[in-house]
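Some structures are shown below for you to check.
Both of the next two complexes hold chain A, though its partner changes from chain B to chain C.
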Partner chain A sequence: MVNLTIDDKQVTAPKNATIYDAAKLNGIKIPILCHDKKLKPFGACRMCLVEVEQMKGRQIPACTTPVTDGMIIRTSTPDIVKARKMVLELLLLNHPIDCPVCDKGGDCDLQNLTYEYQVNANRFTDEKFHHEIDYNNPLIERDMNRCVLCGKCARICDEIVSFGALTFISRGIETKIGCEFEDALNCEFCGSCVSVCPVGSLLARPFKFKSRFWALTNKKSVCSYCGTGCNLTLGVKDDKVLTTIYDENQGFHKGQLCCRGRFGYQFINSDKRLTTPLVRKNNVLTEASWDEALDLVASHLKGAGASAGALATPRLTNEELVLFKKLMETAGSANHDHSAGYAHAALTEGFARSFGTTASPATILDIQKSDLLLVIKTDTYETHPVVGFEINMAVKNKGVKLNILSDKSGKLSKLPDATTLIHTPGSEIAVLNAIAKVILDEKLADGSAASIPGYAELEKALAGFTPDAVAGQSGLKATDIKQLASDYAKAAKALILFPAGNAYPGHNADLASAAANLAILTNKLGKEGCGILCMAEKNNSQGAVDMGFYATNGLNASQIIDGCANGSIKTLFIAGENPVVSYPDQARIKGALDKADFLVVSDLFLTETAAMADVVLPACSFAEKEGTFTSVDRRVQHIKPAIRKIGQSRSDFDIFGALIAKLGGQAPVAPSAVFDEIAAATQGYAGMSYAALGEEGVFAPVAVKPVLVAPKAGAVTPEPGKLALVTGSVLYHNGTLSQFGEGPMYVCPEGYIELSRSDAARLKIENDDLLNITSAIGSVKLKARVSPRMPEGVLFTPYHFGAAEINQVWTGAPITWVTLAK
Partner chain B sequence: MNPITPIINGLKITLSHLFKKPVTLQYPTERPKVAQRFRGLHALNVSHNKAKCVACYLCPTVCPAKCITVEAGEDANHDKYAAKYEIDMLRCIFCGYCVEACPVDAIKMTGEFELANYRRQDFIYTKERLLEKK
Partner chain C sequence: MSEAVAQQIEEQEPEVDLSLADKVIDKYIDLPGNLMPVLQGVQEEYGYVPRKVADYVAERLNVYPSQIYGVLTFYAQFHLKPRGRFIIRVCVGTACHVSGAPRIVETFFDKLHIGHAETTPDLRYTFEKVACLGACGMAPLAMVNDDTFGKMTVQKVDEIIAEYNQRPMK
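And then the complex of A and B:
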């Protein structure tokens, strides 16, 4: 800590702080346009000029000057105020005064400073700029006439998003922010540039002209897409969520969001939302009253016993999941599961046997504190983009070494010094086993490893996984595997990350155990920057596991579906899931749901699954209810209603509560009461309450009892003449919900199939050709996308889209062997 | 003082008024001459054949009676215009803050004061009704 004086006030600040940081830390405001907490100091705007007595009264920028002991700083002498006014005058010389039509009005740093410093007139005259405004994409409008050249957009795009879409172009008075070759903006549309723009140069088009900033009420919430658990501020007006608002102080990610988080909120107030219960009469879904619908559901659940089944989406709150379980218990059934029954297996089976717990022994905060990251699948960036930003920052700012094991390259492989080992699809477990084998053979294991249960068995089981044997099978070089093993083992701190979800059936219990073995063998557990992070797909996937909402005594999702088909499950209650699109093998799912005697679906929308139901109950989105979500690193966060419930919709909490009451059970009064029960009963949640969670949430600690487990690595046998189709998530979507968010649909409106250039050349396929993809179980038509990132013989397709249901060809195997035809 | 004097003084004034022009207007046959700065019904100024209003939302923000509803729209040139501009005359208190707040001189208050109507709905002045008559 350093002692210094700012404006006659004795203050202390950390040694590495700048004058600006030190002032802010001590509640002294210095005006600035080009600074953001997350970005490196830049010193572009010259608004933060201060005087330092030791520097003989020179005016120096506060944002780039580090503090030194005994500094005497003045932030607002008449000379400085004069200089700042001059800066503003010069900025306003070229900045158009179109505040009435500028969407930034009311939230504009330049406007606020102009008002604060009373710059009413300008001593200079000059022409305004006449740059062409970029309206070429539906999400971000770029009006460079308003730009003050603070460079925040270019810096955030480079430093955090690592896309580099924007940069300074030209010199002197002609300087502007532009894209490559002065072309239109075409990036991943995370909107980070929009969030930091101090003026109205970069604007969110979905929100354009919808409301003035001052008319919005800011409601804090948690994003309901992926499991990262990003905090959101929703801009609400007249009970409508109109936008998301940037708050640099929010969450571990400091307000940083991805495309779907920032631009995918429209599903909340979508016109397509269900507003009344629907009951099937004469084979048509007709509007009904809540009493009628709930009575009908209750009559089928009452005494149903094991003939009732429940499938939930892990987007429900913890409280709702517990209540759903309780409802099924009241009906006498233990058949409940989520995410197709396999997407959580890495946690519920893999980690359960390797770590004795069903949670990841690492947090997202460990990423930047580590020395080496081992990322399994480049898809990690696509499934959890904000975790991807953390990886970007770790690699670019902290010099963390990035190793990727993947079946295709991706954005993460482009990071500086990233090593990507591209293996044949489905061989990741074998490669991890080979790494473990190298660690054992080359005595790289930690001294404590031999005493861990399962060591001898593992050693025996890994006998066949020599780097040379695995190299042949996986298409890697044995030396690369050895190198990775020694890098991982020798790093002081190393963290393994892998995504899990419906689209990643290969990321199963064995993969989790194989990865766990590496961490256990090298003792990279329970320390800062070490561990394994299994990143489950949905916002409350970890919560669903923590609440025990998976098959323990009853049937799992797959068995429930089979049960419907063979008649043993008569009543199926689906809350929020859309199995027809998101579960593998559509024909099987549809056939089973058709056969179910009574199908109840509670959802926001009339999804493909809801359309098949006998009763459809309109549920609420996350913005309308109270509860808790648990992120992938077990941060439990509290959400509160931001708007009133839409139409007659009710939260799943109320629906389950009402049904429990109708079945003669005791319905809980409020989510808080249920959360108190959860806190008392769930490992790691002890002592939590809504009040204790606060705005940032609280981590539920993970206690690890390591056991070495020999993972099974199933051999992949290629089918001659066929290509390997792997499924996955695309950056703009998450599950099937994002189809109702306008932003994601603007950027990625339909499914596609990605193939390598060499395959495309061989099969004479060009971009946007409509291809017929045929597997053993069916065929589907998708547009081709030829991409340099795909290795030969491998195809990739995202699974989110109801209009292009790839589960017509996909059986749930990690790899589907398909043929392509035009 | 003689108690009769004030009465006589009063009658004098009364008598003098018998020979003056009466203050009372024979409304509606006779019309009052409204002052320039009278604050009556609003009108939206027109320029280049369209409303000058750019939907900046300053008038609904400043309005103490919250009687103005504006909804902005984006026209073919990506410019902002008032897709909806409504004033609820039942709520309006004719304070004129909207005129004062307008940065583009798009709204004014006319001398129109006959605002009575039969139905509540008729007191909602839409953009079409408010556009300046020329």
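And then the complex of A and C:
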């Protein structure tokens, strides 16, 4: 710490602080336009000029000058105020000053500073800018006439997002911010640039002319897409969520969001929302009262026993999942599951075996504290983009080494010095085993490893996984495998990350154990910057596992589906899941749901699955209910209603509660009471309560009892003449919910199939060609996307889209062998 | 992969031979801070920096295309449009100005049907006014590539054009 004087006040500040940081830390406000606490100091705007006595009273920028001991600083002398006024005059010289129609009005740093410094006239005259406004995309409007060239947009796009869409173009008076060759903005549309823009140059188009900033009420919430658990501030007016508001102090991610988090909120107030219960009469879904619908559901559940099944989306709150389980218990059934029954296996089977717990022994905060990251599949960026930002920052700012093991390259592989090993699809477990084998053979294991249960069995099981043997199978070089093993083992801190979800059936229990073995063998567990993070797909996937909402004594999702088909399951209650689109093998799912005697679906929308139901119950979104979500790193966070419930919709909590009461059970009154039960009964949740969770949530600790498990690595047999289709998530979507978010649908409106340039050349396929993809179970038509990231012989397709149902060809195997035809 | 990339881009813009860019990139690929020498090198090869080449450099050096464009537009030395085989520079500095440089400039405009910083459609000439060529004793002064023409007159403009019209394009 250093001692210094700011405006005659004795203060202290950390040694590496700038004058700006030191002042802010001590409650002294210095005006600034080009600063964001997440970004490196830049010194562009000259608003933060201060006087330092030791520097002969010169005016120096506070944001780029480090503090020194004994510094005497004045932040607002008459000379400084004069200088700042002139800076504002110069900034306003070419600015259009069109505040009355600017959406930034009321939230604009330039406007506020002009007001604060009373710049009511300008001594200079010059022409206004005449830059063309970029209206080419539906999400971000770029009006360079209003720009003050603070560079925050270009810097955040580089330093955090690592996309680099924007840059300074030309020089001198002609300088502007733009894309290469003056192109229209065509990026991943995370809106980070919009969030940091101090003026109205970058605006969220979906929010344009919706409301003045000061008319909005800010409601804190948690994003309901992926499992990262980002905090959101919703801008609410008249019971409508109109936008998301940037708050640089919110959450571990400091307000940073991805495309779906920032622009995907429209599903909340979508006019496609269900507003009344529907009951099938004469084979048509007809509006009905809640009493009628619930009575009908209760009559089928009452005494149903094992003939009832439940499938829930892991987007429900912890409280709702517990209550859903209770409802099924009241009906006498133990058949409940989520995420197609396999997407959680890495946790519920893999980590359960290897760690004796069903949660990841690491947090997202470990990413930037590590020395080496081993990322399994570049899709990690697409499935959890804000985790991707953390990886970007770790690699670019902290010099963390990035090793990627993937079946295709991706955005992460472009990071500086990232090593990407591209293996043949389906060989990832074998490669992980080979790494474990090298660690054992080259004595890289920690001294404690030999005493861990399962060591001898693992050593035996790995005998066949020599780097040379696996190299042949995986298409990697044996030396690369050895290098990776040695890098991982020798790093003081190393963290393994992999995504899990419906679209990643290969990321199963064996993969989780294979990865766990590496961490256990090298003792990279339970320490800062170490461990494994299994990143499940949905916002409460980890919660669903923690609440035990998967098959333990009853049937799993797949068996429930089979049960419908063979008649043993008569009543199926689906809460929020959309198996017709998101579960593999659509024909099988549809056939089974058709055969179910009685199908109840509670959902926000009339999904493909809900359309098949006998009773449809209108549920409400995360913005309308109270409860808790548990993120992939087990941060338990509390959400409160931001708006009133839409139409007659009810929370699933209320629906399950009402049904329990109708079945004669004791329904809890409020989610808080259920959460108290959860806190008492769930490992790691002890002592938690809504009050204790606060705004940022609380981590549920993970206790690990390591066991070495020999993972099975099935050999992949390529089918001659066919291509390997792998499924996954695309950056803009999460599950099937994002199809109702306008933002994501603008950017990525439909499914597609990505193929390598060499396959495209061989098959004479060009971008946007409509291809017939045929597998053993069916065929589907998708548009082609020729991409440099795909290796030869491998195809990739996202699975989210109801209009391009990839599950017509996808069997749920990690790899589907297909043929392509134009 | 780079071969496949090269092949694909070549199909779209056949006149750009990316092997020239490869030659330059291969030379500097391992040098830290290689963007400037690579861009200068490719400009040397193509006479300007075609978009396809800029994109290709971005892909091979793993630099954002936007960043490359930022560098290309920052420095006056880079050109984004094809340049003439012969660059005619006429000095309009003080000494040349008072010795009649404006008339020399206008004559070139009239004869070549192009203006300042423009290129003839046949890519033979690019014309530029420059502030000072540093040889005021020879005012008014013109240069064609590296050849110098002092004490310029309107008649000499015709002679210069006639002479360079004879020169081969390569």
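The rule we apply is simple: the second predicted complex is superposed on the first by the 822 of 822 C-alpha atoms of A that agree within 3 Å, B and C clash if a C-alpha of one lies under 4 Å from a C-alpha of the other, contacts with A are read in each partner's own complex, and residues count from 1 in each chain.
The rule is short, and it goes like this: contacts are C-beta pairs under 8 Å (C-beta built on N, C-alpha and C of every residue); 3 or more make two chains touch, one makes a residue touch a chain.
As the structure is a prediction and not an experimental result, all values here were calculated from the model.
Look at A:P100: by the touch rule set out above, it reaches chain B but stays clear of chain C. When the two complexes are overlaid on their common chain A, residue A:E116 makes contact with neither chain B nor chain C. When both complexes are overlaid on chain A, the residue A:Y135 reaches chain B alone and has no touch with chain C. When the two complexes are overlaid on their common chain A, residue A:P788 makes contact with chain C while staying clear of chain B. Of the two partner chains, chain C is the only one touched by A:T167; chain B is not. Looking at the superposed arrangement, the partner reaching more residues of chain A, out of chain B and chain C, is C. In the superposition on chain A, A:F181 makes contact with chain C only, not with chain B. Put simply, chain A uses no single residue to touch chain B in one complex and chain C in the other. By the touch rule above, chain C contacts chain A in their complex via residues 1, 4-5, 7-8, 51, 54-55, 58-59, 62, 64-70, 73-74, 80. Across the interface of their complex, chain B is touched by residues 99-101, 105, 133, 135, 141, 208-212, 214-215 of chain A. Taken in their complex, chain A has these residues touching chain C: 154, 158, 163-171, 178-181, 414, 416, 757-758, 761, 788.
On the chain B side of its complex with chain A, the touching residues are 54-58, 61, 72-74, 78-80, 103-104.
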